[in-house]
Structures are given as C-alpha cells and as structure tokens.
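What follows is chain A paired twice: with chain B in the first complex and chain C in the second.
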Partner chain A sequence: MTAAAGTPEAGSILAQLEAYQERSRTVFRLKFIAVWVVLIGALLGALWATGNIDLAFIAEWGPFILGGASLTILLSVVSIIFATLLAIVGAIGRLSRNAYINGVASLYVSLVRGTPLIVQIFFIYFGLPQLGIVLPSIPAGIIALSFNYGAYMTEIFRAGIQAVPPGQREAAQSLGMPERQVMGRIVLPQAFRIVIPAIGNDFVAMIKDSALVSTIAVQELLWRAGQVGTQNFRSLEALLIAAAVYWILTIVFSAFQERLEKRMARGDR
Partner chain B sequence: MSTKRRGAALLAGLLFLAACQQAAAVPAVVCVGEATTYLDWLNGDFLPDVEGTIEEPADTAGDLLETVQENGVLRISTDANYEPQSFLEPDGTFIGFDIDVGTEIATRLGVDAEFQHVDWDAITAGNWSERWDISVGSMTITTPRKDILSFTQPYYYTPAYLAASTRSEVTDTDQLPFELPDGAEPTTLATDANCIEAIEAGRPEFDLVITSGTVIDGAVDAGSPILKIGEPIFTENLAVAIDQSGPPHAALLFEIDRIIGEMHEDGTLTELSEKWFDGADLTQDPSAS
Partner chain C sequence: MTGATMSGEPLRHPVKAPHLGEPVLRALGIEKYYRRNHVLRGMDVEVRRGEAVMLIGRSGSGKTTFLRCVNFLEEPTMGSIEIDGVRVEADPLHARSRAHQEQIRQIRIRSGMVFQEFNLFPHMSVLANLIEAPTRVLGVSHAEAVERAEGYLGKVGLAEKRDEYPARLSGGQKQRVAIARALCMEPKVLLFDEPTSALDPELIGEVLNVMEGLAHEGSTMIVVTHELHFAREAADRVVFLEEGRIIEEGPPEKMLDSPEDDRTKQFLRRFLASPRASET
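What follows is the complex of A and B.
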C-alpha cells in the first residue's frame, strides 16, 4: 500500500525503518564487543593457565612501569606538534616554484624518509657530540621523532594542499589577495581539515615509535618495562603490561580522532 | 667403498660423535659484559694498574669542582642493572653500594647527587661530552683506561670469579674441557648481569660467566641457578673515574680522592661494604697485607 510522502503513514514507516536500523546497529555492536571480550579473555586465560604469571610482581612493579606512560604521551604530543609545523613548511617548500626552495624541501623529505628512525635517533644522540653538539636524551628524542615524522607528514600536507579545489585559489586570486593570504587564509585551513585524519593516524603511530627512544636511556614506558623485566626475570609480565598500555593509549587516541573527524565532517552535509 | 674403508669411516664418525659429546657437555663459550676487564682477561690483554699521582692543583679556577659546587649538583653515571652495586626499586629509585658511595661523596662535597644511567661501554670509552661529571660504577683501573680517564684511589676491591650454571653440573675448573683463558670463546652481552639473567632465562648458548664475586653472590642470594667455581681469577681495584677529555678537573679529582681516603679511615666504606656484600668488608687492599 503506497502512501504519499508527508502523510502520517509515510512518517510512521520511516520511523519504523529508522528504529529497525538502530536496533540492528545495536545488535551488531553488542556482538562485536562480545567477540572482543571472549578473545581477550581467552588470551589472558591461556597465559594465566600456564601458571607462570606472577601477580605479586605485577602489583609491586606495575605502578613504576605505568609511570613511564606519561613520558611516552609527553614525547608523542610535543613531537607531533613540531612535526606538523615542519610539515607545513616542508609542504609549501615542495610546492614552491622556486627551484632552490623546492630542492631543499625535497632533499629533506628524501633523506629523512630514506633512513631508519632508529638510525636518526642514534645519530642525534651519539653522533652529534663528535661535532660538538651534545643534547640530553629527551630533547634528542623529540628532535629525532619530529624530524622523522615531519618528512612523512610533508607529503601528506602536500597532497592535502593539492586536494583543495583549484577554484578556491582562483577565486581568492581574482579577489586580488596576495599569495601569502591565499595560502594562509584560504588554502591551508581547508587543507588542514583534509589532513586531520592523517595527522591523527601519525599521532597514533608516534605513540608506538616513541618506544625507540628507550634506546637512548629515556625512562619512558618501554625502558622501564625492559629494565624491570630483565632485572627480576619477569620479562613476560613486564612487557605484557607495556604492550597493554600502548594498546590502550592508541585505542583512546583513535577514539578521540574519530570524534574529531565526525565533528569536522558535520559541516560537509 | 670397500669394507675396510667403510669400517674406517664408521670408526672416524663414531669418534667424532664421541668427541662432540664430550665438548657439548659444556661449550667453551664464556659470557662477559661489554668493555669489561673480564673480556680483556679472556682476550689476554688485561692490564691492571694503580691510580697515578694525585696532587692538589695550585690553580682551581675553571675547574670542574667549581662548576659542580656552583650548580649544587654532582652528576654521577652508574649502571641501571648491576645488583648489588646499583639496581632499581619498585618506587623508581636506584639503590646499591655504588649509589650509596656516590651519594656520600656528593654530600661531603656539599652538593646533591644526580644519577644517570648510562651504558657501560659509553662510560669506559671516555668522551662523555660533559653529560655527567664522574663515574662511580665499580670501574677497574687498567693501563689503557688511564689514557682516557683519571682515577682516584680505589674505594673497594673485588675478586673476579668464574660462575657456571647449575644445569651444566660443573663444580670445579678441572671439569672444564678447555683451558682458561686461552681455550675460551668470549661472548658479550651489555653487562655481566645480563649474562646471569640469560642463564636464568634458560638460554642454552652458554653455561659460563665471568664476573665480580659480588655480582655472583647477589645473584645466588636471589635464587639464580649459578655456582661460583674455583678460586678468584684475579682481584680488581675499583675507583671513581673522571673523563680526561672533559673540562679541567684536577681539583675535583684531588677532592674526591681525599674524601675516599676519609671514608676509608672513618669506616664509612667498611660499613657500606658490610651492608651490601653480605657482611664482607671488601674495602681493604688485599695486596697490602
């Protein structure tokens, strides 16, 4: 039986459809969560059943290991901020029509993306002192992470800038805006909205890559877990704690990122 | 192949297998820490030494001592995992014999002690790039090290021992199928404490460790499956070290040397030694008796 749109019957059919969709979404979510709970429970249960997990050790050393998480977050947040700034400059450089600027930016991207992050960390901490530049471990780690991620994010920002419809730039130019304003007020803000998901992804990746900084004696999460584990012959428990913390951190920040993306996308509808 | 040849080949094969069995009982691999005197000894170039003459400098201007006193902080490098000299507590602080000695030295200099945990091979290589001021890390005075670091008088002495895993069932040096040190194959991990931890973890690559008697005793007390074997291989004199490529430090060296002398005389070092080394006083010079 057909009903014309706008009549009470059409409204109630629509409402019923939406209610049905909502229910199936809820059922899906519940099943999804149930699968996670069962799998994680099975994994933990299997570990527990080996009889080799020392709860007393976890209770005694857990707080110390967890204390490293704050340094991990600090390193990641500071580094991603610097990396973003580097990326904006690098992207503009890569798009520049000036061969010298373009050459420098391209060299930066190629060199830093072409060498392993751990090599860069060691270079800054162990290599630079031979040239007279001595950095303490935390600044050295932040510089290495920022430089490295800045190069990868340069390419992302470049793509973001190029994804802004050329019509925007043309309209701005036809209004007589100088190039700097075109970039700063029209193109970059829109490019930024486009690359937010990528920055979020990189931030999550940075949280994990910050573990490499443990090699230059920064007492963050992995350093603490490694030391405590080897010293007490309980590496399994210690590293499980560290892995769990990294996992929880990435889940939390990914959830934030999803929220942020949804908010930014609202304007598009 | 003819019967004779086959027989000979079989015999050779059996003898080879028998020889392997004998050698496989305890591999000739000995684990030591990187850049340690134990490694030097295995390689045949262990050159123990004594500290040079330490004189009070006439001019102390610009000396590291002044910088330390101005900043109110003495930065000391130590190992993060070298029980009972320096190791972690659950609240995140480090404790141990070296930590106590370093703290006492700083107190007597009138400053605070700040400990940094640095890889051992970075400490012994010198060129600290002024990241820290002194090393209180149970470092042996050797001739090659004297070219790079300045040493104070020793603050204690330890015997170096061979230790074997209980799994290998070796209880005496006679049971080893090879001669020490020539027949041994050294393998290194970051520190000798790591060697003992690897044995605890059940790694089959090696059964033997050479390290300080204090480290072995500490591990055995903590339940590690190792055993001290035989007599001490050698005794080492352990002193505070300062990087020669750093700022001028003759005054700091003299001061710390004087403080260590004081700590020997007033019994502080003996007290600390008895506290950390199961009641043993390791601060008396064995060669002086």
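What follows is the complex of A and C.
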C-alpha cells in the first residue's frame, strides 16, 4: 500500500478514489433502504385507505398472536436438530455399499420427498391413531417436520460428504485409520462445514413450513392468527400480523446465518 | 541434520550401499488391470532396510499405480505385498471384506504415504494432524504423541508452525508437515508419490532437502519422482519403469549416466532435453 502511494500525486488520487467508493456505497445503501420504506409504506397506506383496518383489534390481539412465535421457533429449532441427525445417518446410508442399508435410506428419501408435507403431518396425527399410536399435536408436528426435512437434508449431507476431496479419505486410510474413524474424524467434520450454509437455508424454510402444523391444532403463530381472526371477523389484520412476524423471523435468522457463513469463510479452510 | 539441510547446503554421503539391512518390503508379482487395461505387468520389488528406491519413468508407466498398490489404495489384481513380516495377498474379489481390510490396515500402519497434493486435514491444526493417527490408531499417549510430533516437526524445520492451520502454510511447508505426519507413525517404509509435482519451482528445494536428509539418515523409502537430480543425490537404487514393467534398475550413477537399455536411454534423452515432454 505504501509502495503504491509512492508519489504525493498518486497518494492523493488513491485517497480520492477511496472516498468516492465509500460515498457510492453509502448512497447505494440509502437508496436501497428508501425503496423498502416507500414500498412498504405504500402498501400499508393503501390498506389503511380502504378504511377497513381495525387498529383496536391489532392492539388487543396482536400480543396474543405474537406469543405463538416462541412455539414456532421452538418447533423449528427442535425439528432442525432431529432432521440434521436423521440426515447424517441417512447420508451415510445413501452412500453405503451395503444394499440393505442403502435400500432403506433411499426408500426413506424417496417416500418423504415424493409426498406432500401436509399429507405426512395428517398421516402422523390423524392416520396413526387408527393403528393405536396416538401422539399429542406438538410431538406429532415435530416428528413430521423432522422426517420431512431429514430427507431433504440427507441429500444435502450426501453431496457434502462427496464434496470432501478423495485425497482426505486416502490420507486417513494410509495412516491406518479404520473406516469408522475415517468417516467420524476426517470426512464428516469437513462435510459439515460444507453443508452449514444449506442447513441455515433449511432452517429459515422450516420456520415458514412450521405454519402447516397449525392444521393439527398446534397453537403456534398461524393457528393463533387463524383463531382470533375468524372469531372476530378480522382475518386480514390477524394474517397481516402473522405474516409480519414470519417475515421478521426469517430476516433475523438469515442475517444470523450470513454472519456465520462469513465467519466460516474467514476461518482456516 | 536439520541445521545443515535447512540452510540449503548439500549433504554429501557418497557411500550408501553398505548400510543396507535385511529386506523390509517385498512386492511380488504385482499385476494391476483397470478393466481390460493392463497397467502393471508383474512388478517385483524388494526394498532393504535403509534403502532409498526411486521409481522413474514417463507418465502412464505405472509408477504411481505401483506405489498405490503397495499400501492398497489400489487393490492389485494379483500379487502380494509384505512389509515387516506382514504379508497380504491381493484379493480383488473380496477387497471389501472385513478380514482383508484389517490386513490392509496392518500394511498401512507399517508404511507412511506422502501424496502429491499433501492431503493435510484442513480442519485440524498442524499438531492435531500429527498426533491424530498415533493416538487413535497406535494408542500412543497424548503426551508422547505430542513429543513425537514436535520432534519430527523440528526435523522438517517447522517447529514454530505447530499451532497453525494448513491453509496458512505454503505448499512446501504443507508437504514438510505431511512428511512429519507420516514419520509420526514411525513406519517401516515411506512412500512418496511425486511429492514435489504440485509445488511452485522455488518451493521444491526445501522438500527435497528434507527427503534427502531422511534418505541419508537411513530411512527406508520408495519415491516416485521426476527429479532426476535428486535421485542422483539421494537414491540407493533407481528403477526405470515402462508399460508397467521394470525395464532396468541399478545404482543412480549407472542408471542416469550409463544405462544399458535403449528405452532408458531414450527416456533420459527426452527428459533432459525437456523434463515436461517426458510426462506427455
């Protein structure tokens, strides 16, 4: 840097250039924020202009609907953890040379990815009781979400494991490590780093898909909005609140994920 | 040894042959097919304790395949490998069987491989790379493994890098760490697969210096290399391969200065004219 700014003239040009670039970045950011504020304002303004928005309802029932967010987050967090565990097992199964293990893992992925999530939720909550398996709604919802996301994430983990360079496995093998150790100590930790961004994506998607368990009376965000909305004939306001909360949750977690990704990129890879 | 090699002064140990001990590695009748492609056509190689054997030959001659067959990264189609008394027959039909894999593991524990692409574990510090296998495979205590690792890191001149991650090392440093990692298992034989081919030219010397030091100290090794100058300095025996066969072998002076076989002569002529041309 000092060498580049060798002459006073070059130094002044560089300083001006830096100031200019900094200014353009700031201007871009301000314009960007302005677009969001204007568009959202216009949208809310238009709704207000119809004269149909009941602020008293929002003030009265808003906190109740908002209270569902904690259950939404709880469902998503617990389910993403189970889904990740399922996905690790599933991915190892999908890559297994054992035909039975590979067959079971592949059937799981195919079956779950080939049927709608809502059908899986209904199957577990309304279908299984006929076989004598009765589950409360929250565990049923967690099981359905975990199995569903586990299948999609199985494919992510499989790709992640395959993305670890073959030389890593060979180096581990040449050191005399048994297969279990090659996988557990060398391949999986590296695969995990590769798939962390994808897990983050799926977590954000899970927050939204968790709305589907409102159909089996899990009293999360959407269920609460639906209840108070229909009872008061104020569905528009109730759904607006729910949508806003989902949106804010995804923005917050996306930002969190972005930071995590940046930190990983900065790390030692 | 470290001081001399690290400062880049050439080591001279002109007499090498007399220190050789009993055979530690025997590869017998190694054949390798890839489908119908006959890559190795009956390789017999015996390496004695303290011997440095360099495999030369053009690309596709089977040097690397042979080396990978020695520790079963490739399962030979036929033949047997014996290292330090552990003998394993090639068994391509049951290559995945638990018993065969365990036999192979015994061969691998007794041999150390250094790869062209280093293959350090990027998620572990240098020290963790070095103690991983000794502690978990050999059952060496943590303290002893660390002590061993520090010793070998010093030997390759990288003692101060023990807490770095591989991404922060140069190519030459990575390869020296990879050599130290192999040494930490205290193998009976070291296998080098073109260890300098992935390096920038200015980094090749530091790796070759370390290897030359090991050779002169009496490490047993097989090296696949294109560095003929290095072979002359460090080899006890040079083996020339072509089309999966040993064409000619002997002491480096004889092999590089007055080879008998026309194919060896032609290879050397082309190689000396343009080292890269021999690879295509």
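Here, the second predicted complex is superposed on the first by the 247 of 269 C-alpha atoms of A that agree within 3 Å, B and C clash if a C-alpha of one lies under 4 Å from a C-alpha of the other, contacts with A are read in each partner's own complex, and residues count from 1 in each chain.
Throughout what follows, a residue touches a chain if its C-beta (ideal position, glycine included) is under 8 Å from a C-beta of that chain, and two chains touch if they have at least 3 such contacts.
Keep in mind that this is a model prediction, so the values were computed, not measured.
Visitor: Could you classify chain B and chain C on chain A, in the superposed arrangement, as clash or fit?
Guide: After superposition on chain A, chain B vs chain C: fit, no clash.
Visitor: Does chain B (first) or chain C (second) touch A:144, or do both, or does neither?
Guide: Neither partner.
Visitor: Treating the CA centre of chain A as the corner point, state the angle out to chain B and chain C, nearest 10°.
Guide: With chain A as the vertex, the angle is 150 degrees.
Visitor: After the superposition on A, what does A:63 contact: first (chain B), second (chain C), both or neither?
Guide: First partner only, chain B.
Visitor: Quick check for you: in the superposed arrangement, does A:109 touch first (chain B), second (chain C), both or neither?
Guide: neither
Visitor: Touch check for A:171: first (chain B), second (chain C), both, or neither?
Guide: Second partner only, chain C.
Visitor: Taking the superposition as given, does A:181 touch the first partner, chain B, the second, chain C, both, or neither?
Guide: A:181 sits against chain C, while chain B stays out of touch.
Visitor: Between chain B and chain C, whom does A:189 touch in the aligned arrangement: first, second, both, or neither?
Guide: It touches chain C, and chain B stays clear.
Visitor: Is it chain B or chain C that touches the larger share of residues in chain A?
Guide: So, of the two partners, C touches more residues of chain A.
Visitor: Between chain B and chain C, what minimal C-alpha to C-alpha distance in angstrom results from the superposition?
Guide: 49
Visitor: Counting contacts the way the document defines them, which residues of chain A are shared by the two interfaces, the one with chain B and the one with chain C?
Guide: none
Visitor: Sort out for me which residues of chain B touch chain A in the complex.
Guide: It comes out as residues 80-81, 83, 87-88, 90-92, 116-119, 127, 129-131, 194, 197, 200-201.
Visitor: Would you pull the chain A residues touching chain C in the complex into a rising list?
Guide: Of all residues in chain A, those touching chain C are 97, 165, 167-168, 170-179, 181, 185-186, 189-190, 193, 268-269.
Visitor: Residues of chain A touching chain B in their complex?
Guide: Listed in rising order, the residues of chain A that touch chain B are 60-61, 63-64, 67, 129-130, 134, 136, 217, 227-228, 230-231, 233, 235.
Visitor: Using the touch definition from the top, list the residues of chain C that touch chain A in their complex.
Guide: For this pair, the touching residues of chain C are 71, 73, 96, 101, 105, 108-109, 111-113, 115, 117, 119-123, 132-133, 136-138, 165-168, 181-182, 185.
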